[in-house]
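Below are structures written as structure tokens.
Each of the next two complexes has chain A plus one more chain, namely chain B in the first and chain C in the second.
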Partner chain A sequence: MKNSTYAACVVASAFMFATPVLADATAEGIAKYREALAEGNPAELWEMRGEELWKEARGPKKATLEKCDLGQGPGVVKGVFVTLPRHFADTGRVQDLESRLLTCMETLQGIPADEVAKTPFGKGEQKNIEALVAWISAESRGMKFNLPMAHPEEKRMYEIGKRAFNYRGGTHDFGCVTCHGEDGKRIRLQDLPNLTKGPDAARGFGSWPAYRVSSGELWSMQRRLNDCFRQQRFPYPMYGSDVTVALSSYLGVTANGTVESIAPAIKR
Partner chain B sequence: MNIRIRQGAVALAVLATVAGCAGTGASRVSSADYDKDAAAVMAASFREQGIVKTDRLTQDEVMVACSKFGHSLDDDLRERFQAAALAEVKWPSDGKYIGDWKEGEKIAQSGRGLTWTDKPDAANGGNCYNCHRITKKEISYGTIGPSLYQYGKVHGSTEATQKYVWAKIWNPNAYSACTNMPRFGTHGILDEKQIRHIVALLLDPKSPVNAE
Partner chain C sequence: MAGPMRIRAASNGTETEVKILMSHDMETGQRKDASGALVPAHHITELTATHNGRVVLAAQFGPAVSKNPYLQFKFAGGAKGDKVNVSWVDNKGDKRTDEVVVA
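Moving on, here comes the complex of A and B:
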């Protein structure tokens, strides 16, 4: 566990940008985080549940996910996390891990994708997705990002993601670039990765899904992006929507070949 | 929606081919095509939630240019944006720039307002500490903007400084187009009374910004 990397993330309470901060809450946050670090990363519990879920016959079709193709062939899980988003011939779309899981759950298990997409984070089938992404990402721990860019659709989603990242709007004129476009910046005491550069992008993108000490929840990448859009004062990005996939393509390709994925990480 | 966009992309690719691209293997999709695709994706990916409607995505001319060029605007555009921003600043109706610094500190601390988890009637904060060091006492400050500690001590509380800080908060593009700082007055994030309090926080000699 790279304590120094996390130390700076510790010192703040959840949703700091959108709520006032009290020194006591900050100190309490640090204490809780230190405690959690000493006890190991609770994301392991989600990982274990995720592996079980993959092999469990579920849904109207009473089937497992073991034939799910995450890009390296049906059933291959090792190493897939660091190659997503990528283009899938069967859907004709570039998909991130979560939108791909929706496809597998629908086709193999008969669980309707649009219903799962409409379910709030932390509830119902979304809870199962959290467990699945924890396990699947853990199966690429220590590997470097290696997203493919050969397909024109992959290149296109990367280009769209780059534009979405720089898209400034809303009441505050914010875009991702406002908070994540320069080296060594902070909001309050939270370090902001410069997501336009390889190593920082790999550290930022390659940490999520992550266990959040402040809320005791496991947040997927979709949820991470969702909360950044909230802080950005943008409207609500739909789960698995093209803007979220395109942003992941941009961040992942930028991260390619630099720093190893540590997901699921532990965050303050 | 995906299908629509893909058909669009195919149509554009066909056009590019017909237009007689040399076909040397160079990309047939131009940057302008990606711009169009990105606009379509932005328009299709969001829904309203709470107080936030999808019209938040609508960009004015400044947002469009700042998204495209970042901080490297060309000089003509920069000058035009800065002049327009300064011209639209609404000056205090009673000519008073300085309010109560204690109220200003509360507004500078607060990051509340205008997200989809905020209530419609809650007062908006200024988020100033998220980006700026301001008082000596508050060590939890961000660094996206420069330190404003001792701002009044350094610049004095002359009418010229008061007007500058007022305009900077109202529309910071008046002095640096495409800044990362929000346009608090222009977008109605803060009202006249709140801005007056924040100007006091920065300039009042009794404010901890200058007194400590």
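Moving on, here comes the complex of A and C:
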């Protein structure tokens, strides 16, 4: 009756804290924790939904997103994530994945972009965007960033992003650079990536969208940036606004050619 | 209402490894919402996995299991092309069953 032998090992993901003594031990502990989680990254549940949503006729126009051009031609999804933000001739704008999805949802499906942009994260159409970005980013897993910089608007957005990154202000005189401008910095036991340098920028930028274990939610890059504006004590930026796209252009171009994208990753 | 599970099952000839991701809120019943009211418990209570119709794993789940749970286990036997079925039921009577072909 060897066939009726039951489960040998059962692993259920639970949230655990250790009391770290040394910074190295902490980093090691977190790395192990991430490794254990990566196997069963619930972001996959969003990926599955995203792939279905792409092919589902929705909105007032009852259309799918299959003709959406994310930069490599209508309907091409493989590899696009690592080339965004980029300039789009039809809108005359540099767009990141999410602002581009708003364009596609509006033009193809008739879902008003400004309404989606005003919807709180995790609600209504924003929930659908989370699923879409999870799937679309997964279709570039293992690829290196390769954002184009040929168009003058792409160069301009990169420069604006760089300035915004280094711009300090507010109650604490913080800029992105305060928390993400040096190697080996930590805050609340979290390692802070130095986003001004290639490999770290790729690891940081190429992890989002990500599943956040602490909240059980999938966060898009826009949401990640939104939360960093909060940590910086700046007003929340508008969803898909130029400053958020410019910051992504800066981070993406800095990441170009270094480390492979692992998005959608899993984060604490 | 619950979304589909993501199930993988792979046989190495002698045993089959099954990996399951479930989409579930797994509310503990201990949390309070913004207005201070208790969020009612809502979690999976039982999970059953079958191989070609025979039960290979029966588990009881409670509020200590995380949101969107991940479960991994092995059973002896199983071959490529066989079917593995996973079902769960929660404390509100919601159910979900998904099937995968062993790779």
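Methods note: the second predicted complex is superposed on the first by the 230 of 268 C-alpha atoms of A that agree within 3 Å, B and C clash if a C-alpha of one lies under 4 Å from a C-alpha of the other, contacts with A are read in each partner's own complex, and residues count from 1 in each chain.
The rule we apply is simple: contacts are C-beta pairs under 8 Å (C-beta built on N, C-alpha and C of every residue); 3 or more make two chains touch, one makes a residue touch a chain.
It should be emphasised that the depicted structure is a prediction, and the values quoted were computed from it without experimental measurement.
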| item | value |
| --- | --- |
| First (chain B), second (chain C), both or neither touched by A:234 | first |
| Touching partner for A:57 - first (chain B), second (chain C), both, neither | neither |
| Partner chain(s) touched by A:76 [first = chain B, second = chain C, both, neither] | neither |
| Partner chain in contact with A:173 - chain B first, chain C second, else both or neither | first |
| Which of chain B and chain C A:92 touches, first, second, both or neither | first |
| Touch count on chain A, higher of chain B and chain C | B |
| Footprint overlap on chain A, where chain B in one structure and chain C in the other make contact | 11-12, 15 |
| For the chain A and chain C complex, residues of the former touching the latter | 2-15, 39-42, 44-45, 48-49, 211, 213, 216 |
| Chain B residues touching chain A - in the complex, by the definition given at the top | 1-2, 5-6, 9, 27, 29, 31, 34-35, 37-38, 41-42, 44-49, 52-54, 56-59, 62-63, 66-68, 70, 109-112, 114-118, 125, 127, 129-131, 139-144, 180, 182-183, 187-189 |
| Residues of chain A defined as touching chain B within the complex | 11-12, 15-21, 23, 26, 92-93, 152-153, 155-156, 159-160, 163-164, 166-175, 177-179, 181-182, 184-189, 192, 230-231, 233-238, 241-244, 246 |
| Contact set on chain C toward chain A in their complex | 3-4, 6, 15, 19, 21, 23, 25, 54, 56-57, 59, 64-77 |
